[in-house]
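Scrolling down, you'll hit the structures one after another.
Two complexes are shown next, each including subunit A; its partner changes from subunit B in the first to subunit C in the second.
The block that comes next holds the complex of A and B.
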């Protein structure tokens, strides 16, 4: 009896606390996100790759660009997976496992870097076009459409070729690839953000804040931005996945930065020897797939969790 | 007599749409005295809301104020710059919107939305603003304000949200409150509560109010004076008593006759035939003439009737008002 009463009292304290705290949109989203198994798997995959990238020097058995297979006597180039070389070695004697581990950092760098650039541009263009409307909107959207109609991969390859031709001394390397991916992939996101801004802009609470003396800047950043943030988060996650995939494609086609260790570069080198040495290509390919899948799952999970239209 | 707080003269707000120019407000004149409640009545599309939005100059695009004057305490608001208007909005004149479900920002707590307005217009620290927030919530009769203020809008009921919206509008003690159908989105019992609240707040804070509604029942209990709008023009303007006892404009009469009555056991409620006219090309002459049961060809279709003071403080825009009064005296509501 006594025990029961104390449990009741405890419950009362708990509800009191919860009440005074207030359930924000974040609380609701987190609750919904936790229930989504696929999204949690996605987060786990990303966490795993981040772990590889953070401790790459400790995890990889050989330093970057080292050629243990070439140094060994007799030489161990293109040997299949074994305990010494977990994922085998490639034709010049790189340890594929070490290369894959170092590639994690490149993949994340490209993914986050390109997404940061692309999303900054998309947010800026989307907010301004959506809020101001009229002529400003018209000009910005026509500009955006120019980026939407040109074949993305083709223009990317042309730009990379031109830049490497103009500045042959490896101008920027992986950063340059990242920058160019970012600069050419903001357009679809800008359109989606603009659409969402148009929707939020018509809300009565925007009119209400206007009627209470808020300035334009305040309305855009304090009232519209937080209300489109959910869509921005989802788009950013999916943008990261796309950027990683695009870098892999570019590198595979031989337009990437040959001096960096990326999964795409590994795929390109493995290309000639798929039949004799499957491990050269399969493992980096697997990691690309895994990481992109991780971000896609996370993105979809976030979309479901953050969509204000889905309320339990 | 108390002096005028707000005086609108010949206000014209047009919407420039693809289909043509919509004359939503076309020469509206009205006044609000200090501490007085003005009921602004009319059908949907008669220009009530647009008039109120014009006062604060927050008419949405493609609407534009193209003429007239809005003088507030002797200053013409239409001559003010955008920056000057921003300090009038919320501080001098505040607005309460129709739907409390959408007029609060869903991603911020009540406290943060109220302190935002307080700190925008008054020089005070965050703690002082929070203290004021608690007082405001007490004023609008929110229970446990210290707890409720950390809630998000979606955690509160509709009536509660409207109280919050009222509190937000009152946060800087405005002299004039524009309440745009503040009870339309609420159910009847809550409507009564909000109306009582507005009434008592008005007395406590001694502010003036423009109450916009299409519900004659709502204005009857709250308004001191009533202005009836039709198709962007003022039909009749008088004290609440006069409007209900002796309406002179056929439109006002028709509106009153459409209200269900407990005493007159009519079989059917009277309705006004037709709908509000197209405001791109309004009817020639009196705008109400196609729907008016007293309209006379040639007389009512000739020119727009001007607002005339037929009795002291009783303004009517109808050329036949006196004739109709003799011909068919108003039977009254009861």
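The block that comes next holds the complex of A and C.
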């Protein structure tokens, strides 16, 4: 008897609280997101890699640029995975596992950095073009078209080569790579964002706001932007995944920053040694796949959770 | 329609020129090509370097160089390679290397579509089934695995472990080594592994696209109407649903065509496949201006053409646009 009564009282309190507080769109999205197992796996993977990146010096058994006069101890080079060298060693004698751990930070840096640059540009162009329309829209779209049509990988290689040729000392190398990737990746997302803005612009509540006399700026920031936000979040997450893949590809081809440790770099060096030392390439590649998968799952999960068209 | 076409074509010209200018300027500010050209000749005199610079017109101001390049371009002259294949006309380089690239890319695209479309449809039809789940998981993974990694794994497994296929190149070097006797079969034998890898990489996003597009179409009212009016499930699926579901796929493939030639570098580098992509990587690495510009011109033209055709086709097959 006592239990039933307190349970009923608890339910009453909960309903009252919910009614007064209201359930926001974000709450709904969060609940939906929690149910999506794949998305949670993705988040877990990202968390794991972030953990590696944050504590890389503590986790990796060997220091990153372990080159005290090239530790070319013949017995230690090209050693298959063992207890001492978890993932084996490469042709110089570096521990592949340590390099993978240190590479995590570079991967996340490039991923987040390039996505930040690309998305900032995309949001700017997309919002302005979508909202103001007319001549502004036209000009911005022509500008976007240039970046859409340029053969992405080719132009990337050219610019990377130019940057490395002009500034051979690789101190800011990875930042340069990040910048260039970001600078050429914004166009498709700008187009998508513009499309969303156009769609939201047609909504009735925008018309209502306008007839109530809201200023243009208020409409953009208070009404349009929050509704485009869900697309922006999803696009950003997927953009991070793409950026990591692009950096890996570019480093593999030899156009990355030679002074920093990235997984793509490891694969480049491993390409020659595939026959004798499979572990040089297999493990870094595995981590690239894993991280990209993590962000992809997260992005898809966010898309499903935030989609306003799916009713609960 | 015609006016739209003409307007588009007019837009393309400044677009094309814009891209050319960007690449032109970018390459030329990155260093002195004469120095690169003569890097391997140690006792070269400064006077000879000067003569070379004048010969190639590299001492002129950059806008003059660009106009000269444009003029030559109109005559179909893309110049000669500076560094990687000294003296060879770029046009001949491209024609020599474009064949293998097209072989690889077209084979991969064809196989991808052949597999991806039916699989996508099936997956959509049986949503949430075990088949669907495994298809979506595999495809998602396929979009996340870097192509070169797939290539490396493929080489390890199928070339070194199993010994079924050669790890690199498009042909066996010595004819006596042709295992099956014929040149063509030898080429196909070499083609298999790269094509398999590229096909998997290409079909992954297409499967996901077909599946999601199909799912969206199957939710529509007109499908329900078709079913209610007594049409067989097969007819509903193939005659009504598929046509509409394939529209985004056509757009995707059209745009893919544009980027096809440009996207080759990675696969070609892994398998040492003698194609335009690998040539471009080599040229960019050694800063061979004419080759870089030449390939860029070629690929940009192809991309613009492909985009235009895709736009027209899309406008034609999507009745919502056609009737506007």
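Quick note on the criterion: the second predicted complex is superposed on the first by the 302 of 312 C-alpha atoms of A that agree within 3 Å, B and C clash if a C-alpha of one lies under 4 Å from a C-alpha of the other, contacts with A are read in each partner's own complex, and residues count from 1 in each chain.
Methods note: a contact is a pair of C-beta atoms (placed from the backbone, for glycine too) under 8 Å apart; a residue touches a chain by one contact, two chains touch by 3 or more.
Predicted, not measured: the structure shown is a model, and the values here were computed from it.
When both complexes are superposed on subunit A, subunit B and subunit C sit side by side without a clash.
Of the two partner chains placed by superposition, only subunit C is touched by A:293; subunit B is not.
Looking at the shared chain after the overlay, A:238 reaches neither subunit B nor subunit C. Contact with subunit C, but none with subunit B, is seen for A:275 once the two complexes are overlaid on the shared chain.
After overlaying the two complexes on the shared chain, residue contacts for A:150 are found with subunit C alone; subunit B is out of touch.
When the two structures are aligned on the shared chain, A:161 is found in touch with subunit C, with no touch to subunit B. One of subunit B and subunit C touches more residues of subunit A, and that partner is C.
Between subunit B and subunit C, the smallest C-alpha to C-alpha distance in the superposed model amounts to 12 Å. Contacts from subunit A toward subunit C in the complex involve residues 142, 145-146, 149-155, 157-159, 161-162, 165-166, 241, 245, 248-249, 252-255, 267, 270-271, 274-275, 278, 281-282, 285, 288-289, 292-293, 296-297, 300. Against subunit A, the residues of subunit C that register as touching in their complex are 11, 15, 18-19, 22-23, 26-27, 29-31, 140-141, 143-149, 152-153, 155-156, 160, 167, 258-259, 261-263, 265-266, 269-270, 280-281, 284-285, 287, 292, 295-296, 299-300, 303-304, 307.
Contact residues of subunit B toward subunit A in the complex are 56, 58, 60-61, 86-91, 94-95, 97-99, 102-109, 116-117, 120-121, 147, 150-152, 155, 165, 168-169. Contact residues on subunit A toward subunit B in their complex (touch as defined above): 19-25, 133-134, 203-205, 207-215, 222-223, 226-227, 229, 308.
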